[in-house]
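Pasting a structure below so you can have a look.
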Amino acid sequence: MGDHSNDHLVQSDDPDHPANLIPRLCKQFYSLGWVTGTGGGTSIRKDDHVYIAPSGVQKELMRPENIFVLSYPTPKYPPSARQYIRKPLDLKPSACTPLFLAAFERGAGCCIHTHSQWAVLITLLVEKSHGKEACFEISDIEQIKGIPKGPKKGMLGFHDTLRIPIIENTPFEEDLTGSLEQAMEQYPDTCAVLVRRHGIYVWGDTVAKAKTQCESLDYLFQLAVEMHKLGLTWTQSG
Amino acid sequence: MGDHSNDHLVQSDDPDHPANLIPRLCKQFYSLGWVTGTGGGTSIRKDDHVYIAPSGVQKELMRPENIFVLSYPTPKYPPSARQYIRKPLDLKPSACTPLFLAAFERGAGCCIHTHSQWAVLITLLVEKSHGKEACFEISDIEQIKGIPKGPKKGMLGFHDTLRIPIIENTPFEEDLTGSLEQAMEQYPDTCAVLVRRHGIYVWGDTVAKAKTQCESLDYLFQLAVEMHKLGLTWTQSG
Amino acid sequence: MGDHSNDHLVQSDDPDHPANLIPRLCKQFYSLGWVTGTGGGTSIRKDDHVYIAPSGVQKELMRPENIFVLSYPTPKYPPSARQYIRKPLDLKPSACTPLFLAAFERGAGCCIHTHSQWAVLITLLVEKSHGKEACFEISDIEQIKGIPKGPKKGMLGFHDTLRIPIIENTPFEEDLTGSLEQAMEQYPDTCAVLVRRHGIYVWGDTVAKAKTQCESLDYLFQLAVEMHKLGLTWTQSG
Amino acid sequence: MGDHSNDHLVQSDDPDHPANLIPRLCKQFYSLGWVTGTGGGTSIRKDDHVYIAPSGVQKELMRPENIFVLSYPTPKYPPSARQYIRKPLDLKPSACTPLFLAAFERGAGCCIHTHSQWAVLITLLVEKSHGKEACFEISDIEQIKGIPKGPKKGMLGFHDTLRIPIIENTPFEEDLTGSLEQAMEQYPDTCAVLVRRHGIYVWGDTVAKAKTQCESLDYLFQLAVEMHKLGLTWTQSG
């Protein structure tokens, strides 16, 4: 492990193989402003493997050989069974790894972490407007229908209130794991957790769902910031 | 019907065939922020067929084989003559279909539905500034000349007032059909209807006209939001 | 004239031939938001010919065969010597043509017309802030050095005040010609004229100069709008 | 020197050779709005050579043969040892050259100069909000971790305060050298200096570090401008 014997895990002609898909997604996320300056990250779980973008690289230039692979037998195995089985020797694994795993343990197939400025601004506005209240809420916007009501519950309706919990940031990214898991338990239906002054983690059953949910949330955050500037409230009750 | 016997309807070497054009348009609309997170849609009518983008797919990745085809003999046939003659088995037809048909019944050749944030913000600002008045109005901006005065009436002039009706959103997209048709009757010259907290439907005689009218309207909505932020009024009378 | 005998005028393997350059520039201007919805236009003078983008087409899809060519012997010939020697039969010549010619008569080699929202907002802010004063002024911004002091006078300095005259819009674009020429005479050093509620005309000795001057001005307009929102003044005197 | 005898210095099949990398970076910076209208510049030091983008060209169209090469034996040689050994005859060397050299003398391998509007707005806001205080400060934002604490000191932490000095602009770019070097001495840990009403210089050990640090700073400037608009402070103390 750590040698080149498992390089075949990131070599595939299938454009939708995780080792090919993660670089393509990261390039797209770069152009959306989500992973500026090596920030953010992406991970895909497929069968018994977890594929993870490395830390500290220019996300728009990532290549399949830069991908880390983690053994991930099944969610029921003890965490000790999980270990890197393919490591690019010149790169560092992502500090987001335990946070991605928390999403996979709840059944996700893909988890995306962005530093989107709209997400950061929302965490600052909620801080300001509502004091201790650590939850972004919005309702009666069509795009809310792009977010699931909860696992196997279908999508939110137009009049439903979307709630995304906000956790406090920590100096080291891996130290977020505890509060992220706590938020996941407190909001078992959420597909995302905002991190104050930092960004967001979004997950979904598949890559397509994680990505489109991440897009829908970012759309709603941007709209909400603009609404705030224009003096418009995010929910009918204010 | 529903089998693969009609796959030839979406197979063409002509880059401007609707089955090739819809994916290309959707990719462009994605980059304009109009169809984020599987939102929005596009439909083209050509001869006796209506081509429709599917529901719930990543719009920038759409392919010709994802396109639905509806039989559409002529506007004078009863609606019962209209039925899907080509369905991708793994996809859902767009909930916008009856709204697209409403535009085709009034002679349109293409109808575009976007979730543009500028459109949504306009519906919120009109709500706020004018109470029950459900119509966006702007005048004395050059780009207004990109919008037709009405079917076969030429384009609006610089001093004309552009009016786009706003209808209330409904939890299910297909339930918008009634109020969309009502707005079309009340504003027989309009080429677009805004949907509150949702987006816009824009149509035109041809694909080029629908697209450039959609662009001109989006330009005007963005400009109007910025004007509002700067304390400038949309019409000379205020 | 008007037939296909002069098609060779728009056929060249040289990527910098005006008939190839105009479509490439227009595609770039489209992505900058300058020619949304068929708005705006571009023209290049080379030797005894003027090449002009057509009216009413999607600017990002323009092709060499869409270009109009006007005979333009020398500036000293009477205007009657100028006539279309190559017309795409299915397209309309640009209504901007007399305005482009006004720039060429003053020695320009390229003229660009945009509907940039930043330009339009500046014309609205000057209208509002300064009453009858029809001139945008800004100083002490590095990017001002991208604008010439006047023909054959070198570039503006950091502490110089950039002045761009603003003329009133007219219902028909060709009717702008008189006031554009008047502004050119009143401001003989300007390389651009803003048109209220409409956009801007920018010209330069070469295509590169016209384009980079247009970019520098657009940068300054955008910055000035943001400065206004933040309560910052455009000149040291306020 | 100045003839074509050293053209081999800018001819390489390696896509990461400085003469190939600078044009690629400049094209990317153009799309980020950092080098609009020929503004800004980029330089790479490699072994005994310094490669510099020329002045006054369209940055998105730059080619390897446009690159200037300066002899740069080692930082210990007297500055007189440094001279152009490859000059494109039709282009002017960048006025930023002495500023790039100041960064290389402090060990940098790459220096980037942008006219980013976010950087300019920050210099205007600090001017306004804090009087004579010539330093941008922000803390408690995750993206701060993309900026180094100082040479060989690792990266800033989440709770650390990022400080970027601001120097006054001068009419001629080369005249900035003195105050840039003074700021570098006063803030020996900084990897960037803001120039009032002008832009920013950012440097790093490698091209990747200079570029990602430049991105992280630009992200923070944009966020800080938006925070200011929303009435949010940049540091916990206000």
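In this document, chain identifiers A, B, C and D correspond to the written order of the chains, with residue numbering beginning at 1 in each.
Throughout what follows, a contact is a pair of C-beta atoms (placed from the backbone, for glycine too) under 8 Å apart; a residue touches a chain by one contact, two chains touch by 3 or more.
Model, not experiment: these values are computed from the prediction.
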Original post:
What's the overlap between the neighbours of subunit A and those of subunit C?
Top reply: B, D
Original post:
Once subunit C is fitted to subunit D on CA atoms, what angle does the rotation have, in steps of 5 degrees?
Top reply: 90
**OP:** Would you identify the chain whose Cα-based centre sits farthest away from the centre of subunit C?
**Re:** A
**OP:** List the interface residue numbers of subunit A and of subunit D, divide the shared ones by all numbers used, and answer same when the ratio is over half, different when under half.
**Re:** different
Subject >> Chain centre separation in whole Å, for subunit C relative to subunit B (CA means) >> reply: 32
**OP:** Starting from the mean Cα coordinates of subunit B and subunit D, work out the distance between those two points in Å.
**Re:** 45
**OP:** Scan subunit C for residues touching two or more other chains and write them down.
**Re:** 229
Original post:
Between which chains does touch occur?
Top reply: A-B, A-D, B-C, C-D
Subject >> Residues of subunit A that touch subunit D when the two form their complex >> reply: 36-39, 58, 115, 117, 120-121, 124-125, 128, 169-171, 195, 197-199, 225, 228-229
Subject >> Residue ranges of subunit D in contact with subunit A within the complex >> reply: 140-143, 146, 157-159, 208, 211-213, 215-216, 218-219, 222-223, 226-227, 229-232
